[in-house]
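Before we start, here is the structure in question, set down as structure tokens.
Letters A, B, C and D mark the chains as written, and numbering starts fresh at 1 in each.
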């Protein structure tokens, strides 16, 4: 198992830890469990969005590393950094779910959530720049000049994340929805690794 | 490690998180620990049933993906969706265990548990339909027309899950028992992937 | 990744969950943290023993499955059962740590801990019997008659576990120590898989 | 999947469990979430440092085991021991974060944290000594006399850890910072496995 594969395992693990943040609702003996469950909707929404976000990072990471033949120390370190921020996602997820319906705190929680996503995107960018800059880490199938040419488009695509930080101060639920949409967008519009024909 | 293998790892993590929902019973200094342990039986029952349910999904997923040679974006997305619902199982498990002996709440908890299983079954169905519809994702051993022919039988088999939603409003313990029986049934009566001879 | 390998991943995960059961001791602002840490010794002892127990099961399982070439449905089911009981270990571990210094409850907690180990041992036995009985699941290196001949010795070795159930009613700390010793014993005196020369 | 690979998986799990120790800060309805988040800085610092420490152990372990062709029982046991101490890291991490700003308790927490790191370093040393002493466990690329010659330098490098135990009684935040620096140092100055040309 390669270190990249281990890292994917760790991502897989981070994704399953998300459910631990959803608590069993407490009701009295004759309490209304349906009502208590309904009141928990921010937890479900945050779970689904964070699951998609981590999942898409995981899939894209897998796609890219399918073309990586060599791992140098910098790549390993960037990989570890990416894991550090992705593994942290359950924490702002729980915080956003808890404060989503409160006035001021909801903006703070949404901003922190968005900021973490900015860091995830930046780390992924750094990884992609390192791979395309060095070139020799890719396997021979990869068209390196074409891969370099994707960098600007890839960077522009990541600009959606800083925008969500601003959006956090408008509306926290909207911010959460935006992250869900970005995840689905990246699921269907990923920058492909260009290969020689 | 293929993405399908990573997903199986994630399932493996989800399955081990189940134990975290069983709490150490609290008794006074001269309290009766045997009694307190006995009173926790819904937790043990829910643990065993959910473990079997996730385990059988895991085994069947493994069986199917042993014949998958290519992964397209839709398959990856369906796989992620299946993981999203399977990874959520610890939460309704804990809820069902907590409310199993209460009047109204037990029916709600059992219904939510059953509804999640309906979604698990639907996602697995979607995955199977996608694989048999496209065909080219399977490796050459698979008899694709025969695989397509299993779809109706496979779908009928999944009808047991909606029935458990109804059963939830009759009896929550019975619903839990039904899920255990369905899991064991699927352990021994899985739809095999048809192969060419 | 084979299902056996997935199962090992799950075991690896169960083993890391053990640490979650050790709580950070609470002391006042000028409280004595050394003292509070010392008072937690049952948690450390239980952590180390359970870690060794799961670890040795993991190593032995790995040793045996290194010779398994085919997996039938019964083997998969026994494997799932073994995982079900091994993954449950963090719960009696936490309970034994909590009640180790209490009079009556310590005996109950130690008995439950030992009973779970009996079930782990029985499941491992069943797995070994199934492998040696069927024979064709092993790869060609294995000397099947010799493997069958180890069954009695292997079963006798497992008799230590029922004895710890009785020991639980004598002394809980002694029971924990016994499990640690058995784990170390099995680390150095494993039944080897007999191979043809 | 080799046992070493399984162990790496387990390390990957331990690393993602760290986030569970960071709690969502509690504020009143009109409370100041920014302030509450800022007050949690010891948790973030401890998370990052422990993540790096485990991550670097993981990377170095991976590096070394890339040259291991055979696994004997002692190596397996040392591996399990290394996992036992690495998997325990989330616990002193949470303790150090909780007591970092308290007078006496901070020194105790930092000393325990440092002591665990001493044990991690000793176990890694023992593993390296066993590999270089036996020699035949390495694959043929390894220059065994040269590998033996690295042992003293490697051991001297580990002397930084006992020093942090002393530093704990001077300042806990400084101790945490020192562990972060050591981790980064080892990320860039690892003892390479000497190979024949």
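In this section, a contact is a pair of C-beta atoms (placed from the backbone, for glycine too) under 8 Å apart; a residue touches a chain by one contact, two chains touch by 3 or more.
These numbers come from a predicted model, not from an experiment.
Farthest from chain B in terms of Cα centroid separation is D.
Residues touching across the chain C and chain D pair largely diverge in numbering: under half of the numbers involved belong to both copies. Centre-to-centre spacing of chain B and chain D amounts to 37 Å, using the average Cα coordinate of each chain.
Rounded to a whole number, the gap between the C-alpha centres of chain A and chain D is 26 angstrom. For chain A, residues that reach two or more other chains under the stated contact definition are 1, 9, 13, 17, 20.
For chain D in complex with chain A, the residues that touch the partner chain are 1-2, 5, 8-9, 11-13, 15-20, 22, 24-25, 27, 29-31, 33-34, 37, 47-48, 51-52, 55, 58-59, 62, 187-188. Residues 1, 3, 6-7, 9-10, 13-14, 17, 20, 73, 76-77, 80, 83-84, 87-91, 94-95, 98-99, 102-105, 108-109, 112 of chain D are the ones that touch chain C when the two sit in their complex.
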